[in-house]
Amino acid sequence: MAVLGAPFDLAVTYRSGTRFGPRAVRLAEDIGRDGRPSIELGIDPYQELSVVDYGDADSPASDVLAAHASIQARVGEILAAGAIPAVIGGDHSITLPILRALAAHHGADGFSVIHFDTHADTGEIYENGPLPDHGQPFSRAVEEGVLLGGNIVQVGLRGCWPFPAEFDRMREQGFRWYTMAQIDERGLRTVLDETIAHARERAPRTYLTVDVDSMDPAYAPGTGTPEPGGLSSRELLAAVRRIACEVDLCGLDLVEVSPPYDVAGITALAGQRVIQEALGGIALRRSAKPARPARH
Amino acid sequence: MAVLGAPFDLAVTYRSGTRFGPRAVRLAEDIGRDGRPSIELGIDPYQELSVVDYGDADSPASDVLAAHASIQARVGEILAAGAIPAVIGGDHSITLPILRALAAHHGADGFSVIHFDTHADTGEIYENGPLPDHGQPFSRAVEEGVLLGGNIVQVGLRGCWPFPAEFDRMREQGFRWYTMAQIDERGLRTVLDETIAHARERAPRTYLTVDVDSMDPAYAPGTGTPEPGGLSSRELLAAVRRIACEVDLCGLDLVEVSPPYDVAGITALAGQRVIQEALGGIALRRSAKPARPARH
Amino acid sequence: MAVLGAPFDLAVTYRSGTRFGPRAVRLAEDIGRDGRPSIELGIDPYQELSVVDYGDADSPASDVLAAHASIQARVGEILAAGAIPAVIGGDHSITLPILRALAAHHGADGFSVIHFDTHADTGEIYENGPLPDHGQPFSRAVEEGVLLGGNIVQVGLRGCWPFPAEFDRMREQGFRWYTMAQIDERGLRTVLDETIAHARERAPRTYLTVDVDSMDPAYAPGTGTPEPGGLSSRELLAAVRRIACEVDLCGLDLVEVSPPYDVAGITALAGQRVIQEALGGIALRRSAKPARPARH
Amino acid sequence: MAVLGAPFDLAVTYRSGTRFGPRAVRLAEDIGRDGRPSIELGIDPYQELSVVDYGDADSPASDVLAAHASIQARVGEILAAGAIPAVIGGDHSITLPILRALAAHHGADGFSVIHFDTHADTGEIYENGPLPDHGQPFSRAVEEGVLLGGNIVQVGLRGCWPFPAEFDRMREQGFRWYTMAQIDERGLRTVLDETIAHARERAPRTYLTVDVDSMDPAYAPGTGTPEPGGLSSRELLAAVRRIACEVDLCGLDLVEVSPPYDVAGITALAGQRVIQEALGGIALRRSAKPARPARH
Amino acid sequence: MAVLGAPFDLAVTYRSGTRFGPRAVRLAEDIGRDGRPSIELGIDPYQELSVVDYGDADSPASDVLAAHASIQARVGEILAAGAIPAVIGGDHSITLPILRALAAHHGADGFSVIHFDTHADTGEIYENGPLPDHGQPFSRAVEEGVLLGGNIVQVGLRGCWPFPAEFDRMREQGFRWYTMAQIDERGLRTVLDETIAHARERAPRTYLTVDVDSMDPAYAPGTGTPEPGGLSSRELLAAVRRIACEVDLCGLDLVEVSPPYDVAGITALAGQRVIQEALGGIALRRSAKPARPARH
Amino acid sequence: MAVLGAPFDLAVTYRSGTRFGPRAVRLAEDIGRDGRPSIELGIDPYQELSVVDYGDADSPASDVLAAHASIQARVGEILAAGAIPAVIGGDHSITLPILRALAAHHGADGFSVIHFDTHADTGEIYENGPLPDHGQPFSRAVEEGVLLGGNIVQVGLRGCWPFPAEFDRMREQGFRWYTMAQIDERGLRTVLDETIAHARERAPRTYLTVDVDSMDPAYAPGTGTPEPGGLSSRELLAAVRRIACEVDLCGLDLVEVSPPYDVAGITALAGQRVIQEALGGIALRRSAKPARPARH
């Protein structure tokens, strides 16, 4: 595993500050040197896996395209080395260069995507239009051919965006998604059953992208476009743990932690734990051992 | 629809600051000019309804009675114009002049009330006693005859107040209410079934009053008398959406947002969404179209 | 009942600040002089019980052992007077001297313990090792013989600590515990059924120790070692109320409220309510009356 | 000396929250039981004087006139007992009832006033106009005859208010004042020389009223109407110390500390020290000993 | 006068958030509708001048060049209408398009610049280098020929940047500057004497650009690159007032207010007052009346 | 130079949190890799000196004596290597083990001490009394013989502590000090003249210890025992720069930065700059070149 920071927030449309996300998430740890075994999995990813900190991608001020190129290059290096990238954002636009690197390495049909978010991030793209922003990584990725629309499942959508026309285009492209109202009606367990089944069916491996604003602002106040009515940290962490145990993750990102708004640092903490749970699941699959949860 | 601010907090008994509630709730929006369709209803209230910002009612310093008179007058104007008032508080005492205006317009038996709150706000009133405070709007309204005790349902009560004598008087007057323990035991869905049925049965239209402290302090830290153990924003928003779709709302208020205590602005955000969900439901009923939730 | 403050945080391993916990929890009250009846129990503990504020135990700067001795002495005095101690921490190391005082008074087999926490606080103890810290009160208590390992049930464990070796030792000593994943799988109601049954079976009376970090950081940001994925305040308060009604509490503590991190004071508020719910249950059992919840 | 809290903010025109001022100022002390000698005066007021905490005046919600009456009554009691009142606000409107009590006890010509503030608080009063607010205590006091216009000196005025017409009326009534630009031009030492000389010349004793917003918002962010460009805490504290040593103080107040805006509590701290410095000076005059500053 | 917002922070190299500067500075006013006369000048700029709010320049996400073009166009419109632009940033890169508009209107030799800042903002520009950032507006402006190096005076420099090579280039280009140590040694009054004399000598009119970080972080915590050791708000406001009275201002900007870091809003408040003082001075010059400071 | 962190706050008597000081001060830098030349000295200490980060001293929970031993050992290693220690605290008790290491290396008469602080930190020590706290490092150091009382000068004392008896003992032991009132009366320049002269006269080299609470809480809110009326950051930084240029520093510490109270991080920033200024002066002396301040 290689942990990469992408301290970049030039593509943000509302509150900024996610450039300090990687720093905050890395610091959100209170144990450190003694390893960090998962109570629920009975495995310590830092012993089972080789985890290296690959530093931060360059993020030049003012230059979205240069920053994206740098992220793509660093992720490409990680993949070329046979490692699994775990990228800490930064705003959600960073997933676009990551998807480019994944498609270059595995082919666009070589991976599916599970995506936790409030927003579908499938904003319309205009010809000769403005530069990429954090509301468009997935529409751009499909347009560029580095993501197959039928390969992505989005969980946690709510509020007022995307607009109907964008949902129409998503339907045409084969996107799947679950809104919070659906989660409340059908239960998160069922939604995850379907999500995992679809991801596994569509490709041999899966990329996981988690926007912290999929959580309710109570759990993640430190983010750029908070939207009330979201998941609890308890739901999100258990979901990520389950996904990492049940699909083959080929990479992951955790985005949109914005420290200036992160009172008492609880968002960075939850973000760090998202990565932790994913590492635990990856380690368990690699170990080929069963989970051994701590039980009396 | 007419949105009215009531930036008033002279009647607060504990933490003040709700005078800045209207300003904060109006700013708690990240999209704005492009409309704001509801993902779950498939309708944009700003296209379906004519929504105007009617400014703020006058709130002279030190003078509770003058401020209440001003609120009553402005709401009266809105009702006279055939519009539905959506009032942003301010403390909960502002609901008293609103109820007066409603009773003047529709008759006291012309509307029922659904009320989300931690506190019943039915404090005892003493002859020659002090001026109205934010713990008394509903006892005063019943006493004044501008609210029928049998027409109100309160949801979310918890903690230690009202005291037993006040509950006794509420029972005599026909109030209905549900405490958080009841919600936990019987389920929020059932409680809402009964609430909506009662509101529809008692009158042809319903007023909705939402105190943000009905939510747990985790979701609404920015309020004057927070009480742990409350609703999540996810529960409250879904409940408001359902109510607005199933009863005829003749007005609503959202009160007790106190910005000085509102870390990262999440309470104002949740408050703004409460109004948003209500507008969506009202728009849907007016459109006479079915809901078209965004589904893949 | 005697309320004792233990403003002590020398034994904290990560974020400090709990020395101001007693002050903050005492101030987290908005009603005060008129009593504080429980809506769900229909009883006012301040009328039913004699509740005195016993002040704060001495907590000399730099000196863990002297502070622990002071806490033990004060709790011993309270027990000797036939009162029930309710101690406000302070870090969790303060439970060690409390358990010593309890064992001296009731015998180690005279009480069981129900323990809400993220962490088991059963850290390994080395011969000639460092002074006690807040990760060890229960391993030290068992080693000292002031707590029987088979008499304690821990609820809410999650994250990465204790490590497997510590869980092994806990199993040997007869500890019982429930992790958050177990709570999600089996339901909190069932977990509490078993917890209460075990506590009653093992001893005629029970000590309740509540670390506020058993709640999710959204509900309790003001604490030293927050861990995402925890209980809601609604779950914790209902659980404490139920326990206080169903077992004979011989004392309780509420620890790890850290005001410097407690945005808008919501953690102190939740902590104060934990004590409130416990007092209500104790009062109800003493009164030998049934609960009379406020219902319409 | 009697310390009285006036936890009242109904008369505030902008940011509220000063109702929690007395609580915060009382807590802003880190030494306490060992006395608090002044390094610069070489005297401990708590040993030299008999200082009692007279609690808080009643401040009923919503009712400005009742709260003012309560403050006036409590201050009257303190004066009748031969004690010197030190009142902690609360908003600045509380000085009006204090001046009434002083005039009743000493006669309006029996005291002068030194007043540190950004604002002159001499707002126009309209016949049949609204209730008193915190911008009017001194115009109302002069109109009521409880303060002689020629007996007050105001220090620290800046910004845009009072308006020219109000300054005209102040000139007619004999007010003296110094703006921040005057202080910068002539030096604070000279301004204080003149202030003290005038206060002593006009009456045998002097009342000191300190609005914390006389300090720059950097030193006093926790206040209702902060205005950049003010005094430093170092200037204000030295000025108060000097005044208390050079005139006979018959009372003082410290107003407009608003805890919700008081980051890290530094405004309450500065407010507490204002009282401290005044107590030191009073103690020194009473002791009839010379100052003995700590010097090597 | 036309007030223009430039809610732009894509060119920030460290802490972001100034995109919310215009909103915060506009809200930092507690009087509003009654005008805002200056106590020190005796004039109300809102009565003497016609002040209009020209809204915000478009600031598309991710696109520095498009945002700069929009700012330049809006300022050009204001100048073409014969009005004086007062621009609220946004980061300091916005001064570059403003200088372009000024040079197009007045000629590069038609105006001088007085510049308050911690940093000279004269970063080196590389051929084919990255897009403009907020450390380069003045080096870029000189290179583009829209600013004459000999026409600018910078006040308040401190810390470690620019580096020696950049100071060398500035010397070659004729820049003048004063560091904080110089201000301490020679006195701010003398430094302002020289600054004003130079600005008046070099051109018939002067542009004023104020970076709030020229103030010490105590006075302006809400900014992107705070540097201890700066001006007080009292010094800055008096300096701006004096400059606006003594030179012919043809425009001004106030930049780098970053609300996410602006505790209690004191930076926005100081920023609003900077504009206020400039308006006062401009109004006084236009009125051709002498200043009439409020004096007793 | 070797930078050492001492993340220790067990000896704090009031607000804790300085254990996170080293982390915060190290992060309080916005430039980093390009060096950090001083504008006022014209020298970059990172090029002139070899500066290494020596990590953090061990700070076991609960154990004051062990932590002090660890700090002493690490500082001893640095001195033995011929390097100059720059230690970031932690509470002020850490200066005690540093002085022990200095005395062991240079002899107690081999160094003098310049000490910026609100408090003299010369608390009385009782036989068989409690463990060292942060109010006693200098009385303990004199008693242990690792500091000569006649070799220390303290600058910035204010408030109410030390008490008269402690000042008496300090006088006997030869301490020199300057209170804030003395600084205001005689001027900081004169006070520094005398301070530097005394330090140079007493020993060939000088240790500099800076408590951030020597600054006013406006400049340093993030500290444990803030005291209004202190130095500005501008005064302190210029003083440290001057001292480092004029005496031979054999080490320095910067203590009492408490991040939980450090709003917007301005205290850590000021603390980092204190070290920066000291490094600059040391570099200048080592380079034997004159200062070359950036001047136009």
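Letters are used for the chains, namely A, B, C, D, E and F, taken in the order the chains are written, and counting of residues starts over at 1 for each.
Assume contacts are C-beta pairs under 8 Å (C-beta built on N, C-alpha and C of every residue); 3 or more make two chains touch, one makes a residue touch a chain.
Owing to the predicted nature of the structure, the values given are computational and were not obtained by experimental measurement.
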item: Touching both subunit B and subunit E (chains); value: A, D
item: Partner chains shared by subunit E and subunit F (touch criterion as defined above); value: D
item: Label of the chain whose CA centroid is most distant from the centroid of subunit C; value: E
item: Most widely separated chain from subunit B, with each centre as the mean of CA atoms; value: F
item: D-E compared against B-D, more contacting pairs; value: D-E
item: Chain centre separation in whole Å, for subunit F relative to subunit D (CA means); value: 37
item: Centre-to-centre distance between subunit D and subunit A (centres being mean Cα positions), rounded to whole Å; value: 56
item: Euclidean distance of C-alpha centroids - subunit C vs subunit D, Å; value: 45
item: Residue numbers of subunit C (touch at least two other chains); value: 13, 15, 216, 218-219, 232, 261, 263
item: Pairs of chains in contact (touch as defined earlier), listed by label; value: A-B, A-C, A-E, B-C, B-D, C-F, D-E, D-F, E-F
item: Residue ranges of subunit A touching subunit C (in the complex, touch as defined); value: 30-31, 34-40, 42, 44, 216, 218-219, 232-234, 237-238, 263-264, 266, 269-270, 273, 276, 293-296
item: List of subunit A residues in touch with subunit B within their complex; value: 13-15, 157-164, 167, 170-171, 175-177, 179-182, 184, 216-219, 221-222, 225-230, 232, 261-263
item: Residue numbers on subunit B that touch subunit D, as the complex places them; value: 9-13, 15-17, 19-20, 60-64, 66, 93, 130-134, 260-261
